[in-house]
Amino acid sequence: MIENLTAAAYLAAGALFIFSLRWMSHPKTARRGVVAGVAGMTAAVGGTLLHPEIVGFEWIAIAVVIGTAIGVPLSRVALTAVPQRTAISHAFGGLAAGLVGTAKYILWLPEGELTGFRMGAISLEVLLGFLTFTGSLMAAGKLQEVIPTRPITYRGQNVINLGLLGVALLCGIGLVLDPTQWFLFPLLIGLSLAFGVLLIIPIGGADMPTVISLLNSYAGLAAVAMGYVLENKVLIIAGALDGASGLILSIIMCRAMNRSFSNVLFGAFGQVQGGPADAVERKPVKSATAQDVAELLELAREVVIVPGYGLAVAQAQHRAFELYEQLTKRGIRCRFAIHPVAGRMPGHMNVLLAEANVPYDALVEMDDINPDLGQVDVAIVVGANDVVNPAARHDKSSPIYGMPIIDVDKCKTVIANKRTMNPGFAGIDNELYTADNTLMLFGDAKAALGDVVKALSGESGLGH
Amino acid sequence: MIENLTAAAYLAAGALFIFSLRWMSHPKTARRGVVAGVAGMTAAVGGTLLHPEIVGFEWIAIAVVIGTAIGVPLSRVALTAVPQRTAISHAFGGLAAGLVGTAKYILWLPEGELTGFRMGAISLEVLLGFLTFTGSLMAAGKLQEVIPTRPITYRGQNVINLGLLGVALLCGIGLVLDPTQWFLFPLLIGLSLAFGVLLIIPIGGADMPTVISLLNSYAGLAAVAMGYVLENKVLIIAGALDGASGLILSIIMCRAMNRSFSNVLFGAFGQVQGGPADAVERKPVKSATAQDVAELLELAREVVIVPGYGLAVAQAQHRAFELYEQLTKRGIRCRFAIHPVAGRMPGHMNVLLAEANVPYDALVEMDDINPDLGQVDVAIVVGANDVVNPAARHDKSSPIYGMPIIDVDKCKTVIANKRTMNPGFAGIDNELYTADNTLMLFGDAKAALGDVVKALSGESGLGH
Amino acid sequence: MHSVDFWSMTFVFMLAAFVGFDVIRNVSRLLHTPLMSLTNAISAIAVVGSIIIAGEQKTTLSTVLGTIAVAASVTNIVSGFLITDRMLKMFHQQGQKR
Amino acid sequence: MHSVDFWSMTFVFMLAAFVGFDVIRNVSRLLHTPLMSLTNAISAIAVVGSIIIAGEQKTTLSTVLGTIAVAASVTNIVSGFLITDRMLKMFHQQGQKR
């Protein structure tokens, strides 16, 4: 009877998780998705608590209190710290999977319950769990810049890493053949932990979002392995959903950057190549003041704002919203053009601008806005660089060649805001800044946009 | 070992069926979908033949020969007979499910293997299987017009039908409670067979496509029930896929007709309400000759052809293609506007026109073409009626009010081809024909379009 | 049937239903007629059950029923796949040879 | 583990993977950041395994490991759902009140 209750609860949990993700297909239903997720998790936990093997709830209760005490503050971080938070969370997930696998090994070893299949599943779970643990911690460290963000590479690195992984797999195989060779188990754990660290070291801080997504996928697969170990189908479903999600997001990122997985994992792309000092004889740039920009905008009928990583760094989203409001008030059509990899994580710009109250129907995806750009009078590029670099379209020698970009150079006038002439994430110059129809608006995005808004509202007084 | 082989084959079959349907998402990959389907079926059959319980293959071989002998000619029917063929096929599917359920009952009864759960699943399988069998045969008969197509209704019909279903369900419950009450089993079969017939009698011939789709869904559910009986997961997967497909297609049809399921099943809609004789004082219509039409077309820059059921009846698709070719050759942009329920089955127009060599990129869905119709010079409505009836937009008292239509009345000129002023499927008048910008081209679609093509090519001789 | 098996089946059914709805919703409207005949062929999966009944030859009656069921299913498989392919062959793009 | 169970698991995995790919592909690009935290919360389903280990209290070591695992999972559940909801609350349409 209780068995059936538990099974029904797990079935419901699986269905609820699926609905949860389905409802993320549109902002209108997305919050319902969270409710479904919470309901699913409640069903899964409830069904588990019915398990007759559970003899005492005290430790569970203590753990829940601790988890809640850590979890609540962790959910209140600033939006700019969301990538780090996600990474830390993956670390916790990996740790849990690894520990459950370890506990199962310890419990089943004396009972002689370790069939080859179980041992294999446990080995996989432990490997994936612990490498996700240290890998995610490293990723979080790089994102928080506690650990140097530049890729650390040395000769033979890939050979060493793959060798380590190979030895770990051999340990797993050894255990499958004879689970009583218990010394192999701590070795497997140690190697997994070490592999997680070494895997991340050669990857630049800026590639961390892709890596985090991949780690998400690994965490999902660890849950699947745990599902096989515990013969629990809700673990398999939830794990598969996560695995798919992580994989798809990293594929989207790689595609939008026109790079391959192996290039991200082994390419050490995050380095500034050459750097601005090397750049020889740059064409002169035309620079403008906030007042100039305001005057230009007043004459425009259609304006597009292209936000990038700089907007996030400067926390300039609220100024961007004020600018949007000023323009809309004057009857100027104003939209935001969102590149899929603008910023440092998928959907980065969307959350930031949503936080600043920008309605989501004003956020237009690259593919939808590109055809319209010929009709746009002024494009304002705010702290974006690579995602608007025309070299991606025509310069076959450019490292970003082939990456789809927002074609702001087709707009009548481009205003580009950044602090210096330094390159962005990809470390390359951007001919957009020296184009004839581009005006540079130098300065921190928050301050610069603020000045433009002030100039706009001061002049006309419409908003007062 | 063999068990594992079978299980692996079933797993592969399940995955292949899913790929098969996924690849139907685009005509480019669709033929690959058939290959995947065949591969999946081969894997499933192969895995089954490995079953150690199978002691002799002679009957299986004979059955395969018979099935192939019937199947091959059945696949060669004319495209207009496809709905009937599908219905007959569903009948075979239902029969197979019902017979397997019956055989399992007969085999398990003396062995005492009939647990309550198994008995319940068998009852469901038998009920769904046999009602699909007779229901589909009736539907095929109505479509082939072997059986009178008009709905046959009488007072208390719904009560009798539901009563019959209720008794059948009671038989099932009785069997679950005590499977040895074997006389209940033939009663259940008989009631299921009768219910299938009675279910279809009150439904008009023209509603058969929706009914067929629903029966497809039932056949899928019968396979699912068989899966539970035989504890076979590939049956459950394939059955669920079919169940979903039938349900979605019937929902699409109902929505496109702006009707509810219960209206289709109990509404006896297929009757001609009032009929043309009742129609009082119709506005005069303007009629045109093929020559007039050809002259109009020569001056057009953009033409849309709207095919309907009459095109299928007249087998005029080849003429329509010739017209399309003539126009395209002259540099006139010509497209086909496809309403989701034009014709008598979902996708009817698409297959017909594809058969006549029209490229699928010239077939545009209603929602995509409606916004463009204001710019269209000439719309040629070929044997379509309800799907272009503007009453659906504004006349709240019309039975088709709310049904989305192709807004041909927004085109500069409309040419409507049909044989008479008789109404179409819904049995109502169409104000489009009396509109100021409409010209009627009376006659059989094949002949009429043929004349237009002749007039066009004769005049200019461009094609010669 | 053990309750474990029942739940396994039910998990599979739940997931397959989700897959089915997603997959079918994405089928091109162009192809709804071939879709009907393709699912028709796939629903002939009942052949799996029929083969076992016809092959295990436990009683004459069950063998006869099984044999008829196999014949009916094979009819669907053969005609379903053949006609689907026949229809799909007709679809071609602008300028594309057949 | 019986081979029957293994195959049940594998069917569930195969189907869940299909569902996962279809569902995630349909997630709005607008919501990719909240999606990451939502899947993060869902992947804390490891709590199910952790609770059993922590609750069956078979050995001290296993109880300790289980307890840590529960704490880690609960952290993810709590923070994952809360931050997702926090982010989603920010999204609103033109003219729509918050």
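Think of it as A, B, C and D in the order they're written, each chain with its own count starting at 1.
Simple rule for what comes next: a contact is a pair of C-beta atoms (placed from the backbone, for glycine too) under 8 Å apart; a residue touches a chain by one contact, two chains touch by 3 or more.
All figures in this text were calculated on a predicted structure; none of them were measured in a lab.
Undergrad: Counting C-beta pairs in contact, which comes out ahead: A-D or A-C?
TA: When A-D is set beside A-C, the one with more contacts is A-D.
Undergrad: How far is the middle of subunit A from the middle of subunit C, if each middle is the mean of its Cα atoms, in Å?
TA: 41
Undergrad: Could you state the distance in Å from the CA-based centre of subunit A to that of subunit D?
TA: 17
Undergrad: Take the average of all CA coordinates in subunit A, do the same for subunit B, and state the distance between these two points in whole angstrom.
TA: 45
Undergrad: If you average the CA atoms of subunit C and of subunit D, how far apart do the two points sit, in angstrom?
TA: Roughly 34 Å, centre to centre.
Undergrad: Can you list the subunit A residues in contact with two or more other chains?
TA: Residues 14, 18, 233, 237.
Undergrad: Touching at least two other chains at once: which residues of subunit D meet that condition?
TA: In subunit D, residues 5, 8, 11-12, 15-16, 18-19, 23, 26 touch at least two other chains, as defined above.
Undergrad: For this entry, which pairs of chains touch?
TA: Final set of chain pairs in contact is A-C, A-D, B-C, B-D, C-D.
Undergrad: Applying the document's contact rule, which stretches of subunit B touch subunit D when the two form their complex?
TA: Where subunit B meets subunit D, its residues are 3-4, 7, 11, 14-15, 18, 233, 237.
Undergrad: What residues of subunit B sit close enough to touch subunit C in their complex?
TA: 13-14, 17-18, 20-22, 24-28, 30-31, 33-34, 37-38, 40-41, 44-45, 48-49, 51, 53-57, 59-60, 62-64, 66-68, 70-72, 74-77, 79, 82, 85-86, 89-90, 92-93, 95-97, 99-100, 102-104, 106-107, 115, 117-118, 212-213, 216, 219-220, 222-224, 226-246, 248-249, 252, 338, 340, 345-348, 350-351, 354-355, 357, 359-363, 365
Undergrad: Where on subunit C is subunit D touching in the complex?
TA: Counting only subunit C, the residues touching subunit D are 4-5, 8, 11-12, 15-16, 18-19, 22-23, 26.
Undergrad: Mind listing the subunit D positions that touch subunit A in their complex?
TA: For this pair, the touching residues of subunit D are 1, 5-6, 8-9, 12-13, 16-17, 19-21, 23-59, 61-63, 65-96, 98.
Undergrad: Would you mind writing out the residues of subunit C in touch with subunit A in their complex?
TA: Counting only subunit C, the residues touching subunit A are 3, 7-8, 10-11, 14-15, 18.
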